[in-house]
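In what comes next, chain A is part of two complexes: it sits with chain B in the first one and with chain C in the second one.
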Partner chain A sequence: MSYPIRKFDAVIVGAGGAGLRAALQLSEAGCKVAVLSKVFPTRSHTVAAQGGVGAALANMGEDSWHWHMYDTVKGSDWLGDQDAIEFMCREAPKSVIELEHFGMPFDRNDNGSVYQRPFGGHMQNFGAGPPSQRSCCAADRTGHAMLHTLYQRNVRSNTHFFVEWMALDLIRDESGQAIGVTAMEMETGEVVIFHSKAVLFATGGAGRVYASSTNAFINTGDGLGIVSRAGIPLEDMEFWQFHPTGVSGAGVLITEGVRGEGGYLLNKDGERFMERYAPNAKDLASRDVVARAMATEIKDGRGCGDESDHVLLKLDHLGEDLIESKLPGIREIAKKFANVDPVKDPIPVVPTCHYMMGGIPTNYRGEVVAPNGDDKEAIVPGLFAAGECACASVHGANRLGTNSLTDLLVFGKSSGNSTVEFLKQNVTHKDLPRDAGELTRERLERLNNQTNGESVAEVGAALRQTMQKNCGVFRFPDLLVNGVAEIQEVEQRVMRTEIGDKSKVFNTARIEALELDNLIEVAMASLVSAEARKESRGAHDRADYAERDDQNWLKHSLWFKEENRLDYKPVHMDPLTAETIEPKVRTY
Partner chain B sequence: MNEMDRLRWSCRRGLLELDLVLQKFIKEDYPLLDGKQKETFSRLLGLPDNDLLDLAMGRADTTDEAFGELVQLMRK
Partner chain C sequence: MLFRIYRYDPDKDAKPYTKEYEIELRSTDRMLLDALTRIKEMDDSLSLRRSCREGVCGSDAMNINGKNGLACITPLAGLKSPVDLRPLPGLPVIRDLIVDMSQFFKQYHSVKPYLVNEEPAPDTERLQSPKDRDQLDGLYECILCACCSTSCPSFWWNPDKFVGPAGLLQAYRFLADSRDQSTSQRLDNLEDPYRLFRCHSIMNCVDVCPKGLNPTKAIGKIKDMLVKRMV
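== the complex of A and B ==
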């Protein structure tokens, strides 16, 4: 019995900022496009973006996309592809103005132009300064406003939304061309083949691979799992951005302002350990120094709690009045998510995963690229990706603040345009292979028939703890080696997950088991890539190789699920029109 | 069971904080609600993520009395 088939010109998986922006290009070009989303589009994780969109509009003073480009290349620790970065920074102002014309309620200056706020790492004059005000925002709801604006615009253009549908596997024909996906409607549990001429992934991040993550529960890396099962590698998966202080076990961020106001960190012995790592700055040392110190304390057994897996952030000495007046909201957050009142007790905190720099390899046009023979970047026909799930690569080894929204706007549009062009050249649907949907059927049957299997919740927790412990913000060689072994054990358990409820209708247990199939690919890719990269660069910070090593490691990692192997490809050092920004030591 | 699953999925949101608040609510408070309150909860889930979180965190108030009752439970 084969699955029912629905035909579209293109299918887009994911309806956050990137998916909606891409869908708009397709719908407005008259293409018949299906957008699949696990949740209602305006409840995508883009809603969490507060900071704004980085774009050199120069509304607040002198600015230039060349300066934005410099800041992005430097932020990436020179791992970003300079052609893609030039493209993003050059297109960013146009993308913002376009969004403004769509009705996005940006904050304004008195003269009516879009207001831009300052943000860390954004400078004038090629990093020399002074700081540049480059971030376009809508109060602290930029992501929310963007989703609503783009969703409404898509409704106007008759984009077909399939809400509460989960994509499961990619369908490629014999030539490797992407010609559809299988997807499950949660409401009924029915699986359908979406037969298309092109497929675009915009499934966002996968921060749920870590025990402590700021990512919403839906961020399970579905697009990454799907393409890796279909033979496509994942790029630069060792690079994850962390925030030093998230509530342990919850992931909700505690602002660095707490330490600015005099809060400090304690280990299990009650020692103010930052005095040892940074005798002068102590708890006000830079983010990476604090995160490194926290990770070292935990690794050396001086963490707090039953699992010795966090440290404590003490602020009761500041007094109730100061906490209430200078740190509004912190008391509420601590009470709600850490079950402590910081006026009396310290908050358990841990370095917390925030953003995935790696992803599905693409070029700056949003076309997915993978090695084929001697060509390390052969275009995979019919396959596109944009946003956090994609690796263009503009963030390289570390993302600059505000560039996540810039990324999804610019590459959402460019991948949409590339898809439109592809559809002009490929006007008919290619025949589905005889075994279309077979991988999905095998996976679902395995899950339904599994006996004496493993609990999804327990295996998921083991996966997240393995990542948190062994592949965190500061990386130790023994833990990385250990982590690779541990995650292989977890992988065996993922292959034996069992669900108690076998019903078809709205079975969230099944959905969570299928999400775990995606998380394991992300976790494996991250650990294997991180263990192999013997240098420190951007967010990949190793205790045994403290320096960046351009001679050996100025290259992108590519992890393949098949044989669990790695390959590498060069970084694009040549921009499209600008001059190369040559590597130098990155200091702020 | 499936209705409960559907509701649980409606509590999957774009904001982590809301995921956490709603997960706790579904587990601890929802089973104790009466039929009318359960209907109100479904309606409350229709709010945009930021608005719902602001209510739950006490950063905003609602004029809808029926909502108010549930919001108080979320804030505790």
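== the complex of A and C ==
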């Protein structure tokens, strides 16, 4: 018996910032689109973004998208594709203005324009400084305000949502074209084939591969797992951003906006140590730089607390008024999760897994690209991706703060437009292959019939520990080799997970087991890619190869699930219209 | 610590029952959600929604010792043992602590929760003074958790007719926005014996809102606007 079929022009998997922005393009173009989400759209993790969205509006002083582009390329440690980066930085001001027109409650300046704050790595004058105020924000709840605004706009456009539906596998026809997904309605356990002409993934990040993370429980890299099972490679998965300021012990994020507004880090001697590591930008250097500095302080015994396992973020000198008006959410979080009131006391913080720079390979139009014969970047027909799950690649080896929300707006829209274009040229549904849904059925039956397996919680914990231990802020050759071996063992265990709960109704045990199938692909891709990359670049910092090696490694990694193999493709050094920004030594 | 949790799985249970769980708290178990996650590791059939674990997504609203709140920001230290956990009151239960929120979202959608401004969009942002922007504080932060509406007696009795505190708070969020041009249609949409006027200022909603918002005050302001419009 095969699964019931529902037909749409396009399916969007994910209703966070990227999915909602893409959905608007399709709804407003009159396409019949189904937007699937594991959670009610406003519960997507975009809601947690705090600090702001980057765009050179120049509301607070001189700025230009060329400077934004320069900072982004430098921030990426030259691994970002310069055509995509130009596209993002050029489109950013328009995208932010558009969001304002949708109703976004941005903070304001006295003249009524959008308020912008400084953020790490954002400078004036092609990196020379001083810091640029480029981050458009709504207090420290920018993601919340943005996600709700985008959802509201979709309500206005009558977008058709499938809330609490989990996509499970991608369906491709013989030519490789993406023609639908299987998905499970969580409330009833029913599986349906969504048969479409195009599929767009916007499933967000996968921070839950680490034991300690700023990410939500639902950030399990589903889109990455799904496409990798369908033969699509994953790009640059060795690059994970550790955010300098996660609350020690809790993982909850404290925005870089705190440092943007004037906060700074202290070690146990009360020293503002960033002055040593980044004499110019200090606490507003790039995230990888600050995270490494903190990890070094802690490693060398200058950490704070009984265990010397964290440093302190001081902001009391900003005064209660500023904290209440610009950082109210942070005060709430610090009180709840760190037991300190930042108006009086510093917040204990540690570098915490935060963002996945890698993902599903796309071009700047949001079309998924994969090697095919001699062409390393052949377009996969009918398949699109945007947001954190995609790798365009604008963030390269290290993302600048505020650039993810920019990415969601710009590439959400461009991938939506590309999908609309594709639908114009592909007006009929391709036939479903005879085995459509088989992979999903096998996975579900395996899970239902498993005996003598291990619990999802146990295997999940092993997976997260493996990543945490072997693939952290600093990377060591023996640990990487060890990590690859360990994760292969974990993979065997993932294939034997067992759930006690067999109910059809809202079975969260089953959902977590299916999520683990995706996490393992993400973890495997990360460790294998990291072990192979013999240089240090951005967030990938190896003890045995301490320098960036442009000669051999100025290239993107591509990991394939099949045979667990790697391939590489060149970085796009040519922007669309601007001049190439040539690689140089990266200092802040 | 002892937990008494409402359990019901329509797939196998004839009727709801209460199940007890005893767990040894660890130093890392700070919030109620930490404890529930540990309980779920012992019994994977316990069903609840959760995502952000920091009080911003609105997933894990439930009734905690008789009062609605978010599990992820409810400190265990402040809870009386045994801890009684039930689904949000007044909405149909799907399973265990998971309720059907359709009615709640329907009311939210009914207030047309989006900015209406039909003037041609300028090339730049629509200007708004900091003072006008301040009017949105205490409104736009709502996370749609439903703690308020499901603690409101008027919503329990008329969930299909009374918009409820969450929906009304959002109605006012757009009424209060200097950029919105739909004031009179918005007021028309609420001028009804049920949609707005079922609120009797009982303030349960204010008492439970985990974000410290004040729907009653917003409702009062809408009523004021209606009165002003009549004279």
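One rule holds in what follows: the second predicted complex is superposed on the first by the 482 of 588 C-alpha atoms of A that agree within 3 Å, B and C clash if a C-alpha of one lies under 4 Å from a C-alpha of the other, contacts with A are read in each partner's own complex, and residues count from 1 in each chain.
Criterion: contacts are C-beta pairs under 8 Å (C-beta built on N, C-alpha and C of every residue); 3 or more make two chains touch, one makes a residue touch a chain.
Bear in mind that the values here come from a model prediction, so they are computed numbers and not experimental data.
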Clash-or-fit label for the pair chain B, chain C on chain A: clash
Touching partner for A:48 - first (chain B), second (chain C), both, neither: both
Contacts of A:455 with chain B and chain C, given as first, second, both or neither: second
Which superposed partner A:112 touches (first chain B, second chain C, both, neither): second
Contacts of A:501 with chain B and chain C, given as first, second, both or neither: both
Touched partner set for A:144, first chain B, second chain C, both or neither: both
First (chain B), second (chain C), both or neither touched by A:252: both
Superposition-derived comparison: chain B or chain C, residues of chain A touched: C
Part of chain C, among the options 20-28, 74-82 or 164-172, whose backbone runs into chain B after overlay: 74-82
Intersection of the chain A residues that touch chain B with those that touch chain C: 39, 42-45, 47-48, 141, 144, 148, 187, 216-218, 250, 252, 329, 332-333, 336-337, 501, 503, 505-508
Interface residues, chain A side, partner chain C - complex: 39-40, 42-45, 47-48, 97-98, 100-103, 105-114, 138, 141, 144-145, 148, 152-153, 155-156, 187, 216-218, 249-250, 252, 329, 332-333, 336-337, 455-457, 499-501, 503-509, 512
Residues on chain B engaged by chain A in the complex (per definition of touch): 1-2, 5-6, 8-9, 12-21, 48-50, 57-59
Sites on chain A touched by chain B in the complex: 38-39, 42-48, 141, 143-144, 147-148, 164, 186-187, 213-218, 250-252, 329, 332-333, 336-337, 501, 503, 505-508, 511
Complex contacts: residues of chain C adjacent to chain A: 9-12, 28, 30, 40-41, 43-45, 47-59, 73, 75, 94-96, 98, 101, 105, 109, 112-115, 117, 121, 123-130, 132-133, 136, 140-141, 143-144, 174, 177, 179-180
